[in-house]
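Both of the next two complexes hold subunit A, though its partner changes from subunit B to subunit C.
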Partner chain A sequence: MIASFRKFFEVFKMAYLNIIVPVLLAAVFLITITSGRHRHHHLMIATGGVCLSAIFLLLDLPLLISDKIIVYYQLGWMPPLGISFAVDFLNYMVCILLVLVAVASLVISKTEIHEDKREFYALFMLLLLGLFGAAMTGDIFNLFVFFEILSIASYALVSYTGQKKAIASSIKYLIMGSFSTSLILLGIVFIYGSLGTLNMADIASKVAVSSTAATIVGFGLLISGFMFKAAIAPFHAWKPSVIRYAPLSLGLMFTATGTIIGLYTIFRLVVTVGNLNISGLLIALSFLTMVLGAVLALQTQNLKKLLAYSAISQTGYVLLGIGLYGYTGAVYHMVNLVIIDILLFIVAYVVIRHFGTSNLDKMGGLGFGNPILFVSSLVGAVALAGLPMSNGFSSKLLIYISGIEVFPIATFVAMIVSVLTLAYSFKMINMIFLSNRKDAGVVKIDYDLKVVMVILVILCIVLGVFQGYFTGLMGIISGSGLDREFYIKAVLGII
Partner chain B sequence: MVDIMSFLVDDWVFIFILFSAITYGFYQFAKTDSDVSSATKKPYACGNSINPDNEKVPSQAFYKTIVSVFRMGVIKKMHKDNLSTFVLWMFFGLVFVSVYLLVFG
Partner chain C sequence: MIIYIASLAFVIIGIYTIIAKDNLVKKVIGLGIFTTGIHILLIALGYRSLGIAPIFLSGMGLSYFSSTAVDPLPQALVLTSIVIDLSVTALALTLIIKNHKMTGISDASYG
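Then we have the complex of A and B:
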């Protein structure tokens, strides 16, 4: 059965990656047309769509390892005229991370989302479709289109609960999001006007010889637009506001996927496509992002906002890694950040459901009666602060080393922010588990959430202890994004 | 086996585990000599025992001094749920990025 399935696709010379988008679209349709009587099927269809995507990703791995890049030309049209999907190790890893986040969000949504599941899951799958498309595309206009798809789904999802504050937050997000997508579109106009192409590889081949002031302005606008998606300061203000009023499953989805896709796009545009020398700009913005995020996380009393600010602060580290040419550390920290985000959001979901509030002042007393929850929080906090034996330490160490080699002040600032991170993460632990001597009882945790938490805790430790092995792997992944010549030749069909 | 040993010896993990074990040893040694009774476990504030209802410390109390000394409250004020402030942040960001790219790009 599997062999015939493989043969079918081999006959049509179709990379499995290319069918992820149609599969997700099919899931959207299936969810939308299913009548209200079959509500329990919606989660199943959504999970099925994500699992199928994961299977297709895994099926493509041998091809990716042998060819180093998979390029699919839509309807056989070659670039620069045709539209292409180009997947190397870098965006393959991004797709894997997206799958992980989506699965974790779906697990949380199982008990969190009670009504109108059809609309929720249809929008969720549209969001995922936009994310996968944006990660795989090799064309900047299609990048814009996929970003629009994911943005529109996000605006609708933020207001999903129907609460007044959620709707107000959604409208604010819509206005700011429209501003950012306008910047992206304007950037595309400038680049197309100056270079006459929209294909990323073609832009990369022309940018060295035909670049003008308009091209640079175009890249500036594009990067600004994608910085909004990644919530890099000063484009960060939307994130806490949105996450505060959205369900936790969506909070996780927006936080983790926004960071992944935003940072990936910046990496691709700055390093692979534009070959821009803007490390000064990236370092300056990373300082602002790290410090602002940490200082605001220290001051907030709301657990959801604390996690949002924390994610902003940690995004700054990845940007710092890119700015310091420490690409391995940047990619490693992006992977770690996703794992830590998922772990802490699950903890937050369980805790908020138990106390019925996200206000830290109204929590406390969970003490040591909830070992899995406490250990998960502790490991999450330790990893976030980058203490030894955790994955956060491994990746931050690589960024610190890059800083010492390139710009030592950066390492000093990053270490100071790590101290602030330690402060706010242990404030969170203290307020939830230790601050009130009254016993707040045993928290009920679903079995599937427990399994996910245990797996993530093990991952945090394994990625921290076996640093040497994973550093090599991350080096290969980041290296595929750095090899411009190979990317250009492979996408343009020269090799 | 040789690989595992060389990994442990070469890597910082070995040193971390070693020092953790030494610290734990000190902890166990100190614990046996100390007099732990229910009276010493009772929380005190300036010599007075605290009512369990008053044991909870509000989250604002944490790092309040740091926040006030470094005037970090100003940053919080700039992050109220106000759309015009949000857009202003974005505008400054756009100007900064554009100027940087035009000057140094």
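Then we have the complex of A and C:
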């Protein structure tokens, strides 16, 4: 029985092919076959690609649970020679989060992208392809290639609206972004030059034995390149302007997926591959990120910019968790951050569409006739600030506890930033829903957006209330990133 | 040795151009110079004096091949990276031209 069950799921073992190929096929369809006549077909093809990927992802789960890691050797070449794809619980969670974000931004784009633009969905699928590939690969040069795919797709997507400001911010993003990916390439050169391999597991097995100064420089360059994608403080400047001028569905995509993939790669490189002892640096950068993001979010009067700065500030918490060796808290906060981001971006989309502007000064008074909108943004704000009974609280608590054990000042700073977060998130609530304008009326919310909002609010509360259970789950996920010996052996095929 | 100095010079000139020049086209040229410097460094890693092309012929012994052939991997990496660099440059120039047509400005200080 179990054997036949296993045989059935072995078919889905080619994790890389099963998850990336539907998205790739959707992109190819959108570029070549479809015509501009039928409006909803493009969205349908894109959604079909994402859903197929999600189904294959779920079918991979039984095998993942029994084996703890799924390794796919491309064309059968074993690791030091060929490119391998390795999916353990950490990669798997990242893929699930990516699917979640992609579905949410497709739902927003259904009403936001009015004209029939197949280019939009084709680029969107290429972006998703790059994200999935970067999340699953076990080879640093392949990681660089997938990063370039997702970066190029996102440069093109930022300028998609064709407005002057959008193109200007896209050019800025392109120059900064390709500079940072060049840094990644330079880091790869240093690592290859000093260790003679590109496979992550092989690097991990060699880094303890034959690491030189060049290896450390290489890791530093790689991590600074990925910090750009995650918008960690010295490299955060692209995010607000990009999100200000891109459509909100893309704003959500860039904010959430950039954070996910950037933080995942930093986690993987620092903990699993490099086993680097740079917690002091990570803590310093996370202080800068948290404080800067929160202060800038407090002073801005633009809703989109506020969301961008708040995402930057929250990214700092995850980095702080990694720096304080509180990996469970870091992973938990990453999940919560993505859920809260999606919720707040949907609220922002509905509100901005209603008022026709993203200026907070011109909003107000929505709280009286829109219970669903009000409650969901209230839950989002509470979770963002980390008040008890919300998911933000349970993950921040874990980070605080690991801070008290390792470096108490970190906990102090993180709590201060939490207070700032409370201030700006309730500034947002106040200016949208409570200020004295009474004629704001009832906001029209589409049925599917309503469903997504309700699901996310329930997720926020469930992740907060059943804290013990989810802490255990996140412990398993982060543990799979921590278990270097197992990762090396499994990918190199020793066991 | 000279090749490492050359690649370092390329990288420094590229970074200087990206940071110091205001014109967007010059910034893109700077990016190209920067990436080229990295490519030179990568090619230099695989170099071996008096090395042969990494093609395994039938008459060749394995030890002879492994001790004389150059490392083929950096060349494959550079080829991939050149293609990526080409597409980034093309996209950047497209956007800059579009920006110039709409605003008449091609300086980074705008906006």
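Criterion: the second predicted complex is superposed on the first by the 463 of 495 C-alpha atoms of A that agree within 3 Å, B and C clash if a C-alpha of one lies under 4 Å from a C-alpha of the other, contacts with A are read in each partner's own complex, and residues count from 1 in each chain.
We take it that contacts are C-beta pairs under 8 Å (C-beta built on N, C-alpha and C of every residue); 3 or more make two chains touch, one makes a residue touch a chain.
Model, not experiment: these values are computed from the prediction.
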| item | value |
| --- | --- |
| Subunit A as common anchor, with subunit B and subunit C clashing or fitting | fit |
| Which of subunit B and subunit C A:K427 touches, first, second, both or neither | first |
| First, second, both or neither for A:V189, with subunit B first and subunit C second | second |
| Which of subunit B and subunit C A:I175 touches, first, second, both or neither | both |
| Which superposed partner A:V217 touches (first subunit B, second subunit C, both, neither) | first |
| Subunit B versus subunit C as contact partner of A:V145, first or second or both or neither | second |
| First (subunit B), second (subunit C), both or neither touched by A:K164 | second |
| Comparing the two partners subunit B and subunit C, which touches a greater set of residues in subunit A | B |
| Partner chain in contact with A:Y155 - subunit B first, subunit C second, else both or neither | second |
| Lowest inter-chain C-alpha distance for subunit C and subunit B in the superposed arrangement, angstrom | 6 |
| Doubly contacted subunit A residues - partners subunit C and subunit B | 169, 172, 175, 179 |
| Subunit C residues touching subunit A - in the complex, by the definition given at the top | 11, 18, 24, 27-28, 31, 34-35, 38, 41-42, 45, 73-74, 77, 80-81, 84, 87-88, 91-92, 95-96, 98-99, 102-103, 108, 110-111 |
| List of subunit B residues in touch with subunit A within their complex | 7, 11-13, 16, 43, 52, 55-60, 62-63, 66-67, 72-73, 75-76, 79, 81, 83, 85-87, 89-90, 92-94, 96-98, 100-102, 104-105 |
| Subunit A to subunit C touching residues, read off their complex | 141, 145, 148, 152, 155-156, 159, 164-165, 167-172, 174-175, 178-179, 182, 185-186, 188-189, 192-193, 198 |
| Subunit A - residues contacting subunit B, complex | 169, 172, 175-176, 179-180, 183, 213, 216-217, 219-221, 223-224, 227-228, 233-238, 240-241, 276-278, 280-281, 284-285, 292, 295-296, 298-301, 360-361, 364, 388-389, 423, 427, 430-431, 435-438, 465, 467-468 |
